[in-house]
Amino acid sequence: MGKKVLMKGNEAIGEAAIRAGCLNYFAYPITPQSEVAEYLSHRMPEVGGVFLQAESEVAVAYMIYGAAGAGARVFTTSSSPGISLMSEGLSYIAGAQLPAVFVNIVRGGPGLGGILPSQGDYFQATKGGGHGDYHLLVMAPESVQEAADMMMRAFPLAEKYRNPVIILGDGLIGQMMEPVEFHDHLRTDPVNNNHWATNGMQFRNSSKPNIVKSLFLDPDELNENNLILKAKYERMKKEDILFEPYNMDGPYQKLIVSYGTMSRVCKTAIDNLKVKGIEVGMIRPQTLFPFPETAVFEAAAKESCKAVISIELSMGQMVEDVQRCVQGLRPVHWYGECGGNVPTPEKVMDVVTSL
Amino acid sequence: MGKKVLMKGNEAIGEAAIRAGCLNYFAYPITPQSEVAEYLSHRMPEVGGVFLQAESEVAVAYMIYGAAGAGARVFTTSSSPGISLMSEGLSYIAGAQLPAVFVNIVRGGPGLGGILPSQGDYFQATKGGGHGDYHLLVMAPESVQEAADMMMRAFPLAEKYRNPVIILGDGLIGQMMEPVEFHDHLRTDPVNNNHWATNGMQFRNSSKPNIVKSLFLDPDELNENNLILKAKYERMKKEDILFEPYNMDGPYQKLIVSYGTMSRVCKTAIDNLKVKGIEVGMIRPQTLFPFPETAVFEAAAKESCKAVISIELSMGQMVEDVQRCVQGLRPVHWYGECGGNVPTPEKVMDVVTSL
Amino acid sequence: MQSEVMFAGFGGQGILMSGKVLAHAAMEEGHEVLWMPSYGPEMRGGTAYCLVMISDRLIGSPVVRNPSHLVAMNRPSLEKFAPLIKPAGVVLINSSLIAIDAGREDLDVIKIPVTAIAKELGNVRAANIVALGAFVERSKIVGFDTLRHCVHEEFVNKKNFLSLNMNALEEGKKAAEMLPKK
Amino acid sequence: MQSEVMFAGFGGQGILMSGKVLAHAAMEEGHEVLWMPSYGPEMRGGTAYCLVMISDRLIGSPVVRNPSHLVAMNRPSLEKFAPLIKPAGVVLINSSLIAIDAGREDLDVIKIPVTAIAKELGNVRAANIVALGAFVERSKIVGFDTLRHCVHEEFVNKKNFLSLNMNALEEGKKAAEMLPKK
Amino acid sequence: MGKTYQKPEALSDQHTHYCPGCTHGVIHRLIAEIIDELDIRGRCVGVAPVGCAVLAYNYFVFDFQEAAHGRAPAVATGIKRVRPDLFVFTYQGDGDLASIGMGEIIHAANRGEKFTSIFVNNAIYGMTGGQMAPTTMPGQHTTTSPFGRDVEDVGMPLKMAELLAALQTPAYITRQAVIKPKYIVKAKKAIKKAFTYQLEKRCFSFVELISTCPTNWAMTPNESVKWAEDTLLSYYELGEYKTPESLSGGANAK
Amino acid sequence: MGKTYQKPEALSDQHTHYCPGCTHGVIHRLIAEIIDELDIRGRCVGVAPVGCAVLAYNYFVFDFQEAAHGRAPAVATGIKRVRPDLFVFTYQGDGDLASIGMGEIIHAANRGEKFTSIFVNNAIYGMTGGQMAPTTMPGQHTTTSPFGRDVEDVGMPLKMAELLAALQTPAYITRQAVIKPKYIVKAKKAIKKAFTYQLEKRCFSFVELISTCPTNWAMTPNESVKWAEDTLLSYYELGEYKTPESLSGGANAK
Amino acid sequence: MALKHIIDVDRCKGCGLCVTICPKNVLEISDKVNTKGYFPVYQARAEDCIFCTKCCIMCPDVAITIVEENKQSAA
Amino acid sequence: MALKHIIDVDRCKGCGLCVTICPKNVLEISDKVNTKGYFPVYQARAEDCIFCTKCCIMCPDVAITIVEENKQSAA
């Protein structure tokens, strides 16, 4: 790790990608993440990388498809409406099994909505905004440092699974500055892509063409492709769930499930409640897909626990996953705000104590 | 009701829209639903309606936005990748609270996938493919007749809620012919749209402009808009859940949850099993959102019932809703195929009996 | 009781239409019916087919692995579908274009040179209706008068083809009548 | 211990930068810090602000309803934020542009004509650093040497502005020193 | 001598959020004046873009729809097809119309949709903070072309009026400027002509307006006017590029 | 006299799924021949469209990506930007390129992306069963223009070569046909020129090819050739519309 | 009927475009802030104004109107 | 070296384009179906062929090749 620098989340995301060996970036401006592009518009030339401002988010998705398909490490960043425009592309990229990293600095929706922090794209990210059976691997940082760390983790994961990875931040994560320490450069090249990437037959000494595609007109072949995808998602659930337990050792009576910006507020609320003698535990999913299903179930199952609450910057999305995991064992509540007002710790304390 | 005619699902969908008083159609060709456009390209001129082949699905979504925003009754049809391209538009339409009807004749995905029957867009339709907190009202017919009936129901529902309604079919529903009887023409005009539609101040004798938008930069206003939406979705859950119970009177030991094309196969399987003395019940959701949560819970809770299985033409999507509703009361299983091979009744019988 | 008829051949041989006319006739007779075509790009230069399901009660699964009968207009479709037909099913072979056999003993195979018959009637495109006439005569799956009515309806707005196809239907019937009863 | 400083004014007054320099200084002194700007189109012709949080432990909620201190560079921002500041907080008022008072008795209000001071130094754009110097001198929220170091770092690559801003910092400090201690 | 001048009725009293000296305000005013003059406020529907003019609906006193980024021509098509009796115009920036919305504007123009597009070309993405637009000039510094637009890398600035004039379908296509009164007077005439073509149901009409963005150009308003006149006008030549009367294809016909 | 002729190596043995007489096959062959001649198979990546040529990757013996409908130019941009040493071309139909993919092709061309687009204009949507294309002729009957294309309603057919030639960025833009040997020979020369421009890293290159769709035109292959020659070629004039050497703006420069 | 040149001080954003454009050099930027924090324009040499409306035509914020004096009298 | 004109019967889709295009009227459509169900073309008047390759250039299915006789002899 290097020395700490004070950096905007958006810039740290750009820098972390470069440290992860990703020298290819295509994007279209949108608040509140345009600083990633602005940062990389001068950083990429410095490191000999590719920076291109595309004509639209639809085009971005397919530039990513083409670049990833050619075997390059590549990423983009956008915000909610832009990600919606990439839905078809995300489905294609997942279907063609291409590794690539997407960042969604989520803003308030639906529609043009607003630009303030939101977690309203949870469903879109975890259940698949595009058509067909596929999943993105979804991560959600709660700080600039974690955003940078997750970026560096995202590329190897994308390549491990040959599957798109998406990082969900919000306007706070993207716009705020915090001290951040970067890991050393990953000086790896994408691996194994000679098996599938269209990187030119002569460069891999092969006479067999590689085809990048998601078309399988034969139903058996399409079923087969879907089974391959399904197997990957099952593997993710075994190997790559990440979450942080917070204040889980004591005899908590309430369990919060919360992530990203919202979980920071909850941590403060939990600390404040602890001072008052009230114990509240929290599971903070760091991967939203795969979701920490067992962790949430077991945390809810703990004897002291009387109720579970999903706290989100949305009208109730993750709560459905929490309900599913808790399996009726405990009442599952929801609290959230939409539109950009992030609840204060005081509000969270009120809500949790009044359960 | 008129006399029975033999009609393709796609054509019946077009005709039903006209009978529902919808004389405006914008679309882009895609298999397996192009026959809707082909049918309407001559029917709309006959009835003095609007038929326009747009340049893309992205454009279609916004033509719908514009037309609905101007107070017209309007619809479109497409298939999976085309619907993905409408994701941003759907989010805008929901956010701006416009009534409009979408039909997705789902094909195999992800990506370009295949063109055969699939239910792989369940998540996309029910959880929201676009960004932000919104829901479509989702219906799924299992026959040509029901497709026509649901079309006629869709417009009043869209207008009741000022919310987009989507009908999920598949290649079987769209391509097959069955006898269909049409309800009488609904000779109504869209109502109440003088309050909000941009239909020209002079035509509604007003000096107050109407604004159609989903932008709310002020977080309180955006939150407010989201609360209005949330209230609508809660109301849908109270007033407009539709489902068909099948063989639910007997002492069934297994409960199937299944919809659309797949449920027809399940019905045959259930009938065949009954002959063999095996009782299996089924809940067939006709609305996928709002989902028949209570019905599924109560059906699973029935004493005789030992297991629940969600049977889908997907890798397991609706099963998550079923799990959520069953609340751990019974084991919830899943069976499905992807890619276009629709399981035979025999296969379903095997799967159900081996639970 | 439910039975299923598979019509199969080249795209352009009128496969979908003969199936549709049959479905129509069955509907007119008060049956439940379902007509399902093959669709999409696999039709380019390949085999087109449609399945007609006729039943006394609501039709459940539209997916049928073993249809009751087959009308095979070209060789690839005979090869593809003959092995799947239920025992005792009627299998019509367009012997003008198909030189091989169904390869099964348990079927009611009728070989009719429907293309040649249509050519003689003046238009090879009527072969599908010749086949339909022959098939219905043999299978009795719907009444012939109903069928006549439905063929008439199908072509009543295409005046140039009406009498051609009405004749084709009768010629098909005749050809089947001349075969030994099974 | 955690404290929060709100910097607010017109877009273009260098609000975000003075906040950033303070955050940097606090970080150099080993504190946890967080800097959060206003962003987006509301900046067009409106009030820009940023919040700097400085704490001894990990910073939880980035959302703060009542900041500890305020640096108000124009009138609308004073009106908007003064009522929210925690009692005893330092509130710097840019008296060159703000003719009104904070309207509270429980604050440590310091009025400094930072725009005028900057103008005298030759560039009105240095007003933000004048304000920063004055604010830190008064609040002692970070050591002044650290602050000097960080201002230097900020401008070391903008040579034309380096001495201007180093001077501005000292002038701000001086202006604050001349005020009566509270 | 001397004339009177008053705020048009079609313009609301609300103060705009535009930066000082931003010519979006001039264009708003012209549109409102013409709508008053043609007396069509009661059947007018504007379509706002995503860009600095995203809040345009607040500044006019007639019906408005807020489109998604780039999709205003599709929205306008939807409105006009179902309600040909309404008067419809889109108002779009260069990021909106020339970048993400390229498909929609070309197809609407090529279908000959009977609405009007007002295209505000300020050679930059204003709203999002000064990123490069397709119309950004060679060498121009923006937040995403920090070393100046490199035409080797991203090509030459797009000339939308010329591009649309290459279509065969009859249309009215013009480029004007709003940076000084002499241009503004002409621009107003052009917009009025465009609106009139729509009212006569003759054709799609398109008015490109060379504008300024002092904030993101990092210039004073007066410097902006000068830069626009010197730099933009020599690349983006003003004039009528196509009229419905001209032979199909115009200068481009082969 | 007399010459030999053999199947190019870059073409696979697989029989195509194209209808009898469909000129997609001719174009495939030409591309393969040129790739052999230029000896670039080992570094070639094709980008297939969604359209009848969706399975093109089966018919060539080099790397291929299958793009989404209309997005081949974005896919090619992605490939070429990260691997400028690869040779990249897109193969697109008129629905794909001129309808849904309009934004992508114009922007790729305008940025001067160094790949080649082969544009197969058969005036119809082949794959989906004969719907109207942006290039469908006035009066032409299709499944979605059952009364013939009504230019009052949907405008004139789009001339892509002319449209792209209106851009300022240097490019090679040409229109050829593949309906008879005399045209085919010229078309081959044009494609080779386009590929060479790419190899020389000089410019974006674009070859529009007037083609047939006997199936959806409901004609025999020979009737199709005649109709294409009589009807399409008189509207879609063949020729070189722009070369990188020509002054920017070409015929359209003002 | 005499004409009257009116500047709505609170609409003015002090952009200075009218100042440059005035053929008679009538206008100047004030040094008093308006309610929105801008320094608005004022007629420094009102007597030179020829009511040409150039400033009205230029102003992006419709801050300037010219009316006939008697019409205004009621205001 | 003599040239040989070879039609790959199973590649041919019987479209007839080569028939029309042949300057020497060499080609005709056969009345025997190939394995794919098409009626392929054949050289009805092979002796008239001038090996101009026009048919090769026209054929969308690369069904026609012309080779030097001796090269083929091994086949």
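Should a chain be cited, it is by its letter among A, B, C, D, E, F, G and H, assigned in written order, with residues numbered from 1 in that chain.
What we mean here is this: a contact is a pair of C-beta atoms (placed from the backbone, for glycine too) under 8 Å apart; a residue touches a chain by one contact, two chains touch by 3 or more.
None of the values given here were measured: they were computed from a predicted structure.
Steps from subunit A to subunit B, taking the shortest chain of touch contacts, total 1.
Relative to subunit A, the chain whose mean Cα position lies farthest away is H.
Inter-chain spacing, taken between the CA centroids of subunit A and subunit H, is 59 Å. Look at where the CA atoms of subunit C average out and do the same for subunit F: the two points lie 41 Å apart.
In subunit G, the residues that reach two or more other chains under the touch definition are 13, 36. The multi-chain contact residues of subunit C, meaning those touching 2 or more other chains, are 40-41, 45. In subunit B, the positions touching at least two other chains are 31, 52, 55-56, 58, 81, 88, 92, 96, 111-112, 115-116, 213-215, 217.
Remark: subunit B residues 58, 80-81, 83-85, 87-88, 91-96, 106, 108-116, 118, 120-121, 123-124, 127-134, 213-227, 229-230, 314-317, 320, 323-324, 327-329, 337-341 touch subunit A in the complex.
On subunit H, the positions that touch subunit C within their shared complex are 13, 33, 36-37. If you check the complex, the residues on subunit B that touch subunit E are 24, 26, 50, 52, 54-56, 58-72, 74, 88-89, 92, 96, 198-203, 207, 209-215.
Remark: subunit E residues 99-103, 106-107, 110-112, 134, 151-159, 162-163, 165-169, 237, 239, 241, 248-249, 251-252, 254 touch subunit F in the complex.
Listing the residues of subunit E that touch subunit G in their complex gives 1-7, 11, 15-16, 18-26, 29, 180-181, 184-185, 214, 220-222, 225.
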